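I have a structure here, written as structure tokens, and I will follow up with some questions on it.
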């Protein structure tokens, strides 16, 4: 299926190192601003690369990728919500907040998957980057809609104002602006002038990712203390939902979009991963009744490590069987 | 005059992206320390490059550049002050504080101009970097003198102490120390050993600039809310003063210093730009009666975007007509 | 002995620039998080490089380096303690805290020595990096033991808990985890995938070091105000202890480990340098009775500049006479 | 010196904009904000991370009447999003007295 | 609103874990932490640097009985590691009152 | 425990050195500083940016006599550069009592 050596890519090892450092209760700590700076860099770099590639490709392909991203962004939270309410028997407000996270994506997981493909010298389509940028927004909106439905009728004036704010937020939150903005920038800037800035965004990319994942490993492990609060059935959700998402993503990437192995893996990762940067504050605003301990522990403490360590090689194996 | 494609250099596009992000009220925010880190990097990189070049050139040329910088640094604030007091009819203390900003320079604008020249493959003299390092100090001192004159006779013990502090500050503030220090360092360090550190300061330069300008775009747009406080006649000053400065700078660069198109553009930019990093705290100390909302909005919210978007291409066109 | 031009390597010049900036009371300041970020980067880069080299070498050599590191880590603090108690006549608790610093190492000094060797194109063994990672822990433990002996019998319940915490801390503090972790990572990761992240850790290394030393120069100079508190005999200790350590290190490197000039210099630097990042917080916890003004001023304000400016070239000269 | 109420509010950073617009409505001009605070309360531990779910500490000095209005305005926000609000007495060293 | 004690503690960051475990023992759930504080006291100037020897400012609102327990628990720590603890009165605007 | 005055000052970071030298003159040793504060007052919004025009929050615990001296020293600075100063009562949990 896949050899152990697949796991020995530095990205995953750095994540494991951070995780371990936290488990042995090391006092290692990243300044919070460093993690933010690294994530700004990564988003801009992803966006620019996507934009440069996009400038070369046809609009039709881009359109179907956009449509698929919207489909996944609106559809996955509904699936997650159904599972949470009927199988896990979670209350509807917490279910709404968690669902939104699974409709959105984790840029860190996405980039790890790119590092994984790189290490195997497998190429990939560039459309998934557009999908990455697009999938944040619908998930936030559907989370809001589900929460409003759960409250049904309770929506007062305050509620309406928050909703307006959140729809605004869904399209203007920092990650979306950085991804879409730098993608546009990469597509329209003078190629010669772009060449001057790309060394910064090219050569450092994997290195910056290594530091980012080191920190995320620590963050993920910090959530382990909250496993008790989350409870066994939600923990099971945290590893089955990515599998459900990956299956949907594999199907979308292979059959709907006709991508190769690399592109199919990336779409699977988009579908399987859960946001832990852009969506948590949005859901905190949208569904204050929901517990951050639940949604953060699931997305950051369970699904993120699962995807990085088990998921990516597994989805890759599946993508190979489908599209290889 | 100049084609649109000149505008499409990434530096300017990143500035525009930051500006836009703020206009649509995105929650995108840079950690304040990141912006400081980026500006430390940029100043050291500019200084080192300048120093390496300086080690190769003759002292006579350097001396006349220093003289020109002092002339501009002392002269431009007087022009600005005269315009502000007699044409704009601003009170003398606010006029003094604003004038100091226009005598000093914006390293961000300077670096954007270098990126602009690079994108057109136009070379430039290295003297302007020395001028950049020198022009901070006289502007701060002249601002202090103008403010003391405006207060005439009110100078008490406290005032004298502040003046002493400020003259000290004018020569030791962070930007000056970083620029002059790393310039000296670039000039005297072993070339072989320097080669080991220059990749860091070379290859990342344009990339770091792109992130810095992204943040400065947001900062500039944040000032738009203060436009009302500034009033129409000051806003007009914010776009005419750079033109006046640029004219003086073009004349200085071309006729006095005999520079080519590149060097003349850079001198124009030095003269046209207004400081928004080193001078604001100095003027806050020197002229506490003056409103930061006025001087920051003018330098960061009006003149900076004007120079980056309209000014640089315009001054370049003029430099080509003069020196081309 | 050594020419002035040896001093003109950028690393040392940047340190001097920072030192000078602080002496002339410039308002230049690095955001504290920037310094932390730079040191994280440096530790990971050192570790990775060490690990990549280690993957190539034999276990026997590594074992004797580990043994030597343990010997130095446990032995040097005892020497320092003896000198402090009998020659300097310092109280035992302060002596214990200071000793621990001298048994540990300064990664900043170590890296400056590497920059120094690089500038002379002198190669070096890779074992010293393992030693760097190992020497933090024994020094912290021996400092704790010395302090407990000094208090003899006073150890109450609280004391025991602190001791347990500290032994844990000695092996899990941030620097140790980053160094050992990334060393392991460098040794086991797929070489092809490592190649993708090494540009980040290679090309930027000397540049990042330059900024780090600029900040450390400022930090060191900030300590000068505390020289009076430290007193003349402790100041003398601050420059003789590194000489003693260097002598021990030279002997260890040359005779015990059989290293060449480069490796011998590095071992000398490990022995001569005093920690100013990992050990201070540990000693603050272990020996709250000891004054941070003493141990920080000695390690950061006296020994660090002494090693960077005088020590490294001196030890190099000695290493050449021994092993050259 | 003038006796004033010193209101101290700890809320999540994402709620800050909301609170400020309430202050604007009431007519309270002055406040001080300490960002990047952490803490623990009924809703568990909160700290500044890359998720940006940290707290801010806001201090407002104002007269008694304004204080009552601020408290009324802040109460529903606290109820909904958590956080605390402490009120104490202080003397304000006014600039011009 | 409910009268409470407002305890304000300034200690070194490395001592924070210790103080929190004392709070846990006593049963005080809520506190707010402002990291990266500096200051000066009997033990000289302290500031946030790469050595990480900065202070934190901790604020605890609790009832009088708990306050007494906190003070008792904090006193030996202050004695050993330095720092200050101020106690004042405040009114707590409770979420549900 | 000892009754003390708790002085809370919000000023611009660039004024900090000035205030500290006044404290030195008066003989007040202890203070705590929280950097990177923002706020709003008569002089508009202030926040920590690359321009470094942010506020700091300084807390001083001292006896009544020293407090009066601090207030006198701080007043002209507040007048000139803006900022606020609040004084309240607190009990100081002294290390050795």
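We just call them A, B, C, D, E and F in the order they show up, numbering each chain from 1.
Here, contacts are C-beta pairs under 8 Å (C-beta built on N, C-alpha and C of every residue); 3 or more make two chains touch, one makes a residue touch a chain.
Fair warning: this is a prediction, and the values are worked out from it, not measured in the lab.
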Identify the chains adjacent to both chain C and chain E in the sense defined at the top. none
Treat each pair of touching chains as one step and give the shortest count from chain A to chain D. 1
I want to confirm something about chain A and chain B. Since they are copies of the same sequence, is their interface symmetric in residue numbering (over half shared, so same) or not (under half, so different)? different
So which chain is the furthest away from chain F, centre to centre on CA atoms? A
D-E or A-C, whichever has more C-beta pairs in contact: A-C
Among the chains, which has its CA centre at the largest distance from chain C's? D
Whole-angstrom distance, CA centroid of chain C to CA centroid of chain D, is 45
Taking the mean of the CA coordinates per chain, how far is chain B from chain F in Å? 34
What positions in chain D touch 2 or more of the other chains? 34, 36, 82, 88
Chain C: which residues touch two or more other chains? 31-33, 36-37, 203-204, 281
Every chain pair meeting the touch definition is listed as A-B, A-C, A-D, B-C, B-F, C-E, D-E, D-F, E-F
Which residues of chain F touch chain B once you look at their complex with the stated criterion? 12, 14-15, 36, 43-44, 46, 48-54, 76, 80-82
Can you tell me which positions in chain A touch chain B when the two form their complex? 31-33, 36-37, 40-41, 44, 168-169, 172-174, 176-178, 181-182, 185, 188-190, 192-194, 196-201, 203-204, 281
Within the complex, which stretch of chain F touches chain D? 8, 10, 34, 36-42, 55, 57, 71, 74-75, 78-79, 82, 84-88
Where on chain B does chain F make contact in their complex? 32, 35-36, 39, 158, 215-216, 219, 226, 276-277, 280-281, 284-285, 288, 291-293, 296, 300
If we count contacts the way the header does, which residues on chain E are in touch with chain D in the complex? 1, 4, 6, 29-36, 59, 61, 88-93, 95-96
